[in-house]
Amino acid sequence: MHDTSDQAAVHHHAPPKGFLWTHVFSLDHKVIGKQYYFLSLAAVVIGMVLSWIMRFHLAWAAAAIPGLQHLSQVGAPGGIITPEYYLSLLTLHGTLMVFFVLTTAPQAGFGNYFLPIQIGAEDMAFPRLNMLSFWVTFVGFVTLVSTLFISDGPPISGWTAYAPLSALGNDAGPGLGRGQILWVISIGIFCIGSLLGALNFIATTLDLRCKGMTLARMPYTVWAWFITAVLGLLAFAVLLPACVLLVLDHVGGTSFFIPGGLVLSDKLQPHSGGSTLLWQHMFWFFGHPEVYIAIIPGIGITSHILASTARKPLLGGSRVLVGCMVAIAFLSFTVWGHHMFISGMNPFSSLLFSVPTLIITIPASIISLNWIATVFGARLRFHTPGLFAIGFISVFVTGGLSGFFLAQPSLDIYLHATYFVVGHFHMVMGVAAIFGMFAGTYFWFPKMFGRMMNETMGKIHFWVTFIGVYCIFMPMHYIGLAGNVRRYSAFVDDYLIPLIPVHKFITIAAFVTGAAQLLFLFNLFWSMYRGKKAEENPWDSTTLEWTIPSPPPFDNFGGRHPIVYHDPYELGVEGAKGDYVMQDSPEKLAQS
Amino acid sequence: MSESTSHDLSKAGMGWFLKIWGVLLFLTAIEVFLAYEDLPLHIMLILLMGISIIKAALILAYFMHLRYERSTLAWTLLPAMVFVLVMMVVFFPDSVRIERLGEFLH
Amino acid sequence: MSESDITLKSGRADWLGGELPYAIPSKKLGMWLFIVSDSITFGAVLVCYAYLRLASPNWPTPFRLSSIVNGAIMTFVLLSSSVTMVAAVEAAKHGRIAASVRWLSATMLGGVVFDILHIREWLGLIHEGLRLYQNPWGSSLFGAAFFTLTGLHMTHVTVGVIYLGIVAIGFRRGKFTSDDVEISGLYWHFVDLVWMFVFPLVYLLSARMH
Amino acid sequence: MRSGYFTALAVAVLLGSGMLVFAKPPAGSGSITGKVTYTGTPPKMKPIDMSKEPSCAKQHATPVMTQNVTTGPGNALQWVVVYISAGDEGSSAPSQGARYDQKGCEYLPHVLPMQVAQQLQIYNDDQTSHNIHPLSKTNPEWNKSQPPGSPPIDTKYDKAEFIPVKCNIHPWMHGYFAVLNTSHYAVSGEDGSFDIKGLPPGKYTVTAWQEQYPAQSQEVTISGSEAKTANFVFKVLPY
Amino acid sequence: MGKFFAIVLTVITLVSASIFAMHIWWMPVDISVHGPALDKQFGETLMGTGFGFLVAQLSLAYFLWKFADKGDGRKVREFPGGPKVTIITAVVLVGLEILALSFVGQKAWASVNLDPAPPNAMHIDVQAEQFAFYFRYAGPDGQFGAVHPEKISDGNGNYFGLDPENDIPARDDIVVGSLTIPVNQPILLTIHSKDVGHSFYVRELRIQQDFVPGIVIPVHFTATQTGKFEIVCTQLCGLGHYNMKAYLEVLPQDQFDQWLKAQAGQ
């Protein structure tokens, strides 16, 4: 038996002094969490601007974008986007969004800030490692963005970097030489950062819980971050060597992913013997768990906020939610082949992969049904974070249902690589996860910055975004059904030309929705300085982060060691002060 | 905290470790011997991998003291690792296909 | 507030948080997690190697008896260094700092000898014409897989030697505890463990028969 | 500072005028004319299927043929670059640039001769994107796209080389940049004839280069304003 | 706010679903023998997921309408039946759907990818390159010449790297840039790539298959209608990906024979 206070004492470190140590190389998980958050914010802004440029080009392919030639003279001569520059932007958009936004903000950002607080710890288990993970991730980010400014531009091989396109260098197309090498190095660095982060999250969750914080009493978010960390620890370990091998194919002349006898630009390539399917396997072996790395924190955050919004714990409580998340995490390692149904993989494997892919919809359906059933009989408070949490449910259900089509190899024959897939994953992994981030931002902003975000702007932001994403991504399903192929920089096929008006509609919707995001950015920075001062517990929530001042002191609990007496969501409790009981309140509950 | 592991460790002792060392060396010798037996590849692979797994298990259990930790440690870490590694076996049907589907080329 | 006062809604009071579920220090848990992750990394590279070997009809088996013997000696050195590592941990746990540092030094020496033997082996093969991208015997991927796998392992050994050096110095100066020695030991044994797979799969399965 | 600028300017002006005086090749009036022909059976040129690019396909009433061995009546061989490979060093590049067009998904001309350091302008006259990918070996290789409506690509080469040019988007598009050290060159026409003009008296090596067959050379000496003849015969194979 | 949310959500749901139901943008008419099975499966999946979509979104909307906090101190209520109901619903409904879909789907998938091509299938060799498809017919001798990557040249039209000088079967191979096939005749394509990954996608044929560099993949189908269709590339293959296409022309048998003869004579 160990004494909690001893344990806490081991991790105690003194508040640092000086700007460099308090804001840049801080060991404080709260500062690191914010650093991750703002890194993601930078990435999401770049990614969003790239998507606007792409959307504009798709709708009006021949039109010049004034000023774009200053960003890249080669990529956009006279402001008109070249096909390869479109693909460069596409690659950068995908990579930034998947790695530096979806993987970073909800997990490393919010997780870093709130996981220790929610389990009643003073900091992460390894504060130095924590700082290192952030700075490693930062280097990865800078490396990736730097590809925009090198002469031959970012790679054009998409965020999946399918070999041999990604392995053959400039003979395969512009940007595939230095740009691709930088891309692979960036992703490799990102893997290292994520692995270190995951390790830290797991150790923190297991070892640093305060007295009374049993596994069953951990908030939904903590569970989600913990499960995501486990996924990250196992999945990024596979992508890392894949990146190393791909770099070797570039700089070492090896042929891991390059078969023999390839002729590019009239040049017979010197490589031989490799396998392109090997890269796809390695990538998707990581890539599918990655999808859940992106969405599970969102599921956690949504559940956490939904409970507070609905004034009742989730139907089925932690047990069902955690069970489903664990099931999803487990199954996520068995389904990667559904990205490769028509990739030339052994057709028997496709049948094998379709079964767990369909089965994984069961836990996802249970979670969704439980959310909807939680809204039943609730006392909903429609504040902005609550709206985003409910919006998350809607888009998650919508996006998830189209997964039923793509999970079946025989339907994938028609739908693979069409906008149906684009609509599906943007809805379920992009929009849903970003709704989770918005919900988290509005919900935790008072705790992180000590001020409330403006509700009016928040509500305008929500309504425009919610309606906007449906206007953007539902039509993508329709044109996908009509066979609109993805990753095309212009639509020149006879049957695609009639679909261009739909693309124009999507583009306009994207610009309107994008404008709402600018409002959000304004709200974020305006509220940081001008927002209403936040109280300790503005949302009448129950978990430990609401028992401490906003913003929290350096060691979170001001030297106090919280003791937890209750389940995390004692909301809607009869007879309690307000209608809730804080997790660390010694008050006894009537057994209901 | 530190005593938790050290008192467990004392159960083993150096003599025991030297014995493990001897066993590991012996198993290595068997492997080297097997390498020069003209066995079919799959049998060779099974034998070598089998011995290697035994060696790894010995290192894990004794040198890395996993045997003397709470059993939950082994029961959570190892299945996760083994599960992920075993799933990668699903790559192999494609590996064999590459050789088979080579008509016209090369 | 005594523990019995804490009302558990579920009625189960078996475990109450604020305790280490594995009863090991967080740092040690961290090392174990790193080992899990790193073994998957090694596993993935080994799977790649096996995959490409199965896909290549002309995979060479070029290792002469001298290479195999050299590999066996390397295995012996690495296994022995594991034993010295265990001795270092034992000494550290019993507070015999000087002895522990001596054993750690012996372990590092083992690592260095392993590296030297390995580099000698590499140089010999390079002299015979083995390159990352070609070799005189067969599939060009042989060199790629060989250098990647053994290079990755050699990097781990080298990092391990440096790590042990830092731990030894820190331990002697009282900056590190016996736990840190034990954790560095975990890493070292893991490097040893990986070699138990690399040696048979890379060397023994590619031994020249005649 | 200011005086530094002034000096630099003065030097530049002096050097410039000096180059105008000395570097200009002495204008001659000798010429070499001739005809390029082939012996043997030439390979059949293949029709190009441009159906994937309808905007180009409809510009051609009959299918465009491959141009690697373009023959004409009387065993004439077209697209052979005849140039002075020795005896005419040191001529500077003309101020007028060479123009290369992409029209109807073809390169016009198929072989474009130019001088080292001469400006090269590449135009896209089609309603579709092209990418220009000169597969140079001694010069730096580049690969740029040119969407319709974008400005012409302006570039030049610093070393003599015969550079295959390719459009990846339309893989049948294939042409050559003949970057030469001389200002005296010609490309054989449909009838195989060529005409190199303005040669000062001297001893020259005349080389004929064809994209698929080995190059040939002849020695020609010109005195006064002589008009000499040099014929080239390429041996061709059906495959 | 709850009522407004409910209305917005209902409108979004109904509009989204009815656009699907109205088939405004839809798959083109199928022209393959195996296609109807896929279309049927698609329809069944759409019915199932459409039902799920409507029920989930509309009940969410209804609950949002009904259960806003009015500050009246109303008690929160559990969902009747608790989590058991949702879990059982999910397991049973989704499970049934999965079982149904798996069984139907396996047959459809097998007919495309697992069954070998019928022995009387006409063999056409397909090579993809950046950024075009080229098709090869065996010619009168019924044999394909070998592919020699080092002989591939776009400049002289030797897209397949044939060696007619030394390889007699290669001399009469017909290489064209559009795929022409006879109707109602099983076709076997062997698809391989010259450079990077590409994909062979014909919407009307319900066929999509990647070209994998280094291996040759068999694809078989039978077209049931004549006409001209587009073959497009769906696997990101580089800058000209968007412009990588070819035409598929399905001709009556006699016209096809004529066409082939004309090609062979050229």
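All chains are identified by letter, namely A, B, C, D and E, in their written order; residue positions are counted from 1 within each chain.
The criterion applied here is as follows: a residue touches a chain if its C-beta (ideal position, glycine included) is under 8 Å from a C-beta of that chain, and two chains touch if they have at least 3 such contacts.
Small disclaimer: the values here were computed from a predicted structure and weren't measured.
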Sorted by label, the chains bordering both chain A and chain B are C, E
Considering A-E alongside A-C, which chain pair is linked by more C-beta pairs in contact?
A-E
Using C-alpha atoms only, the most centrally placed chain is A
Chain B and chain D have mean C-alpha positions lying a whole-number Å distance apart equal to 66
Just give me the whole-number Å value for how far the CA centre of chain D lies from that of chain E.
46
Using mean C-alpha positions as chain centres, tell me how far chain C is from chain E in Å, no decimals.
47
Separation of mean Cα positions, chain D and chain A [Å, integer]
54
Show the residues in chain B shared as contacts by 2 or more other chains, in ascending order.
1, 80-81, 84, 88, 91, 94-95, 97-98, 105
Multi-chain contact sites of chain C, meaning residues that touch two or more partners:
21-23, 33, 36, 40, 44, 51-52, 55-56
Multi-partner residues of chain A (at least 2 other chains):
2, 82-84, 173-174, 234, 237-238, 259-261, 265-266, 274-275, 277-278, 285, 348, 490, 492
Of all possible chain pairs, which ones touch?
A-B, A-C, A-D, A-E, B-C, B-E, D-E
Which part of chain C faces chain A closely enough to touch in the complex?
1, 5-10, 12, 15-23, 26-27, 29-30, 33-34, 36-38, 40-41, 44-45, 48, 51-52, 55-56, 131-133, 139-141, 143-144, 148, 152
Tell me, which parts of chain E touch chain D in their complex?
129-132, 153-157, 159, 163-165, 175-178, 238-240, 243-247, 266
Please output the residues of chain C touching chain B within their complex, sorted ascending.
21-25, 28, 32-33, 36, 39-40, 43-44, 47, 50-52, 54-57, 68, 72, 75-76, 79-80, 82-83, 85-87, 89-90, 93-94, 177-179, 182, 185-186, 189-190, 192-193, 196-197, 199-201, 203-205, 207, 209
Within the complex, which stretch of chain B touches chain A?
1, 80-81, 83-84, 87-88, 90-91, 93-95, 97-98, 105-106
For a test of understanding, state which residues of chain A touch chain D in their complex under the given definition.
62, 64, 74, 77-78, 80-85, 170, 173-174, 265-267, 490, 492
